[in-house]
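Listed next: structures, encoded as structure tokens.
In what comes next, subunit A is part of two complexes: it sits with subunit B in the first one and with subunit C in the second one.
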Partner chain A sequence: MNNKLVIGQYLPLDSFIHRLDPRTKLLGAFAFVGIIFFADSWQSYALLSLFVLLGMMISSVPIRYFLRGIRPLLFLILFTTCLQLLFAPGQTILFKIGFIKVTEEGLIQAAFIFIRFLLIIFMSTLLTLTTMPLAIADGLESLMRPLAKIKVPVHEIALILSIALRFVPTLMEEADKIKDAQMARGATFGEGKLKDQMKAIVPLLIPLFINAIDRAEELATAMTARGYKDGQGRTKYREISYGRNDLYVLLAFIGLTGAVLWLS
Partner chain B sequence: MKLSTRQLVINALFAAVYIVITIFLPSYGSLQLRLSEMFAHLPLFNKKYAYGLLLGVAIANFQSGFGVYDVIFGTLHSAISLLIVFLLTKKIKSMSKKLVLNSMIFAAMSFIVAGMIAYLTQDWVAFWVIYASIAASIAIVMLATAPIILALDKHIHFRQLMMK
Partner chain C sequence: MKNKKIAAIGIFGSLAWVISIFSFPLIPAFPFLKIDFSDIILFLVTAGYGFHVGIIATAIRSGLSYAMSFGEMGYPIGDVTAFIASLCVILPLAHTFKKYPDNIKKQHFAGMSAIVLLTIMMTILNIWVVLPLYTMILGISVGPVLNYILTGVIPFNLLKGIILYALIAMVWPKLVKFIKKIN
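== the complex of A and B ==
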């Protein structure tokens, strides 16, 4: 079947990072952005790079998977780095061509931004490579639970997420079949101008939507027949719980924050 | 906005279609046009489609390089845009006008995503360029797909589908 079927980039391996609670990884990824904000010296960036590199090594995920995460953003990274290099204010001019001048401060700033980009992408890729989308959904639901107090329908959101993730492979297969059927009738996809591409997707979308609606009707009937009402008092099939390893990660992040603050 | 079991499941399946289209029809051209942005028009037919749209965006954004950050800020962008659209389109009857306004608001509000990139990298110099490119890509896709959504509505009847 289609090799693009994997949602996210999850790589099923058995490592320390894979076994962590999804909430720990989500919170860690967020905390990292906060910590990186304080970094403003070579030493602090070196420490953060070491931390991310260590995480990548412990995850046992081959480096090429991380590099793949950079590819779609390569243009953006190079563009912003060059912009900094050429236009960041600075005193020590290294060289000057016309109105463009490269300063030492600009060079340092561009290097910092480049590293920051890489570290954030690697950290975020580390989360998605080592955590199943369903586990991320469970983690997000658990972290969002306090929002239920301000009437955010956390349970409904979690259920929609789970059902959606369950049906992506099914609908993907369906989309593949529809595409083949339409191509056999002479349709072309992913070719030509934007306008032609737009026209080509209508015969793909209508059967896909109708298929999705049929499945939804069947599932809704089945759920109602089994007495589903709402989330109140429901138990969970997949339970998540913090372990000793999550505590180690928490301590590592506290240590990292302290060290970055001290070095900056 | 309370959902019946049926509305909840339809939203889930529509979120799945959003994800499938995002994976199936990858970004187009140098502006990285994401054709699945067209689903942002669905809540104009019935507000209850907002759940499916927001969660579809959230899951699809796990694919992006910024991963979890894009999930939060991309979803926030859609949520805030929809709130503004709901407020502004209350008195507009014409669906075509609503679709155009929706496209403009989603494009204008994309400063949230551009701001996220600028904040994450602490590079505010590039902010305006990133903002302009994201806004342009959203506006192009949403305006170009508005007729497609209207064509789909003739077969699927989005408003009635969510009413039962």
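== the complex of A and C ==
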């Protein structure tokens, strides 16, 4: 179950990418998602691939961690690529078996979509492998700060996100424990008729919910006892700051955007 | 916002996401239309802590799901759709169950309304928003739209609504005393 948790896959190494400000990495990842939609030629895709590969190399994270990120999306990737291959409109027929025909245009489209998928997965995996979840929450808070002017409770949102991230592993473990406890009492999960499967889920949900009520209560009491009262004027335990390297990376992204637009 | 609400949103948003991992398809022909039971937890939260907490906790669940999968090519199409679908089920049910905790007739009526609302909303969203976006971003289409809606979206959402409501009706009597104690 834990290998689904991409965000929990943070690898505590020390590299150029690890040391970047989380805001830089967040902005970079989102900019990349935007940029890639302008790419429509071999040259632009080659450039983007080179950029991502370079990022992967200087992150000093072993390649297998990136490949692991593909696994949960493998079905979607293959499905999309095959559809492109078979149904994209095109004139130049390469070969034909029965009603299935593969055109040159379809093949190129399929290859582009495939590369696009891989690059976006690698880019987002690069972000989560090199940035602690809490650093991501801090970065988001800082990026959202302008919204506080229009009365968006930015600090509260960031705190809620940190609480949610903090409790994911705890609650997963608890769900596992309750599942085991019910199985020890003879319950079966994921087997039998739909109706039986539904009934099996009830004794799982009820204890999870009741325990969570207690947990929330305790946490709220702990917060109040420590004097937490809305986010105004609080200092931070973890500080984030821009450095010279962040500037270089942002410039590299601006350069990349320009180059992709020029090549397309 | 009070500390109690902040803590509840964080913990229940997290719990809802953990539960949403265990999702499974209902119709074999459409393996990407999946159901999970996080809506039940979110319904209980909304009934217990109020709409504010329920809606934000739902957003946290969808946000976590987006952060884990990075959406479709970086765009949160499926996660936003799931957020709206959850609200369609949770809000009418939480409203009625909170107001009439023991009136089974009114609860059944709310259940049916929620199922119909969910199905209509998802049909509309799929035709005018989700499918065009999928075609734009992934460059794929699921074949003839009407066919997909009639054999996929409508039966899936009806079935999903029925299952969720049946489970909610099963869980509610066991938990109503805990929920009344929250406030």
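One rule holds in what follows: the second predicted complex is superposed on the first by the 242 of 264 C-alpha atoms of A that agree within 3 Å, B and C clash if a C-alpha of one lies under 4 Å from a C-alpha of the other, contacts with A are read in each partner's own complex, and residues count from 1 in each chain.
Here, contacts are C-beta pairs under 8 Å (C-beta built on N, C-alpha and C of every residue); 3 or more make two chains touch, one makes a residue touch a chain.
All figures in this text were calculated on a predicted structure; none of them were measured in a lab.
Aligning the two structures on subunit A places subunit B and subunit C in clashing positions. Using the contact criterion defined above for the overlaid structures, shared-chain residue A:Val33 touches subunit B and also reaches subunit C.
In the superposition on chain A, no contact is made by A:Ile100 with either subunit B or subunit C. Of the two partner chains, subunit B and subunit C are each touched by A:Met198. Of the two partner chains placed by the overlay, only subunit B lies in contact with A:Ile70; subunit C stays clear of it.
Overlaid on A, the two complexes show subunit B and subunit C touching the same residues of subunit A, namely 4-5, 7, 29-30, 33, 37, 72-73, 76, 79-80, 83-84, 87-88, 113, 116-117, 120-121, 124, 136, 153, 156, 159-165, 167-168, 171-172, 175, 190, 194, 198, 201-202, 205-206, 208-210, 212-213, 215-217, 219-220, 223-224, 228-229. Listing the residues of subunit B that touch subunit A in their complex gives 3, 5-6, 8-17, 19-21, 23-29, 32-33, 35, 51-52, 55-56, 58-59, 62-69, 117, 120-123, 125-126, 129-130, 140, 144-145, 148, 151-152, 155-156, 161.
Remark: subunit C residues 1-4, 6-15, 17-19, 21, 24, 31-32, 37, 40-41, 44, 48, 56, 60, 63-64, 67-70, 72-75, 137-141, 163, 166-167, 170-171, 174-175, 178, 182 touch subunit A in the complex. The residues of subunit A lying in touch with subunit C in their complex are 1, 4-7, 29-30, 32-33, 36-37, 72-73, 75-76, 79-80, 83-84, 87-88, 109, 113, 116-117, 120-121, 124, 136, 153, 156, 159-168, 171-172, 175, 190, 194, 198-199, 201-202, 205-206, 208-210, 212-213, 215-217, 219-220, 223-224, 228-230. Those residues of subunit A that touch subunit B in the shared complex are 4-5, 7-9, 26, 29-30, 33, 37, 69-70, 72-73, 76, 79-80, 83-84, 87-88, 112-113, 116-117, 120-121, 124-125, 127-128, 133, 136, 153, 156-157, 159-165, 167-168, 170-172, 175, 179, 189-190, 194-195, 197-198, 201-202, 205-206, 208-210, 212-213, 215-217, 219-220, 223-224, 228-229.
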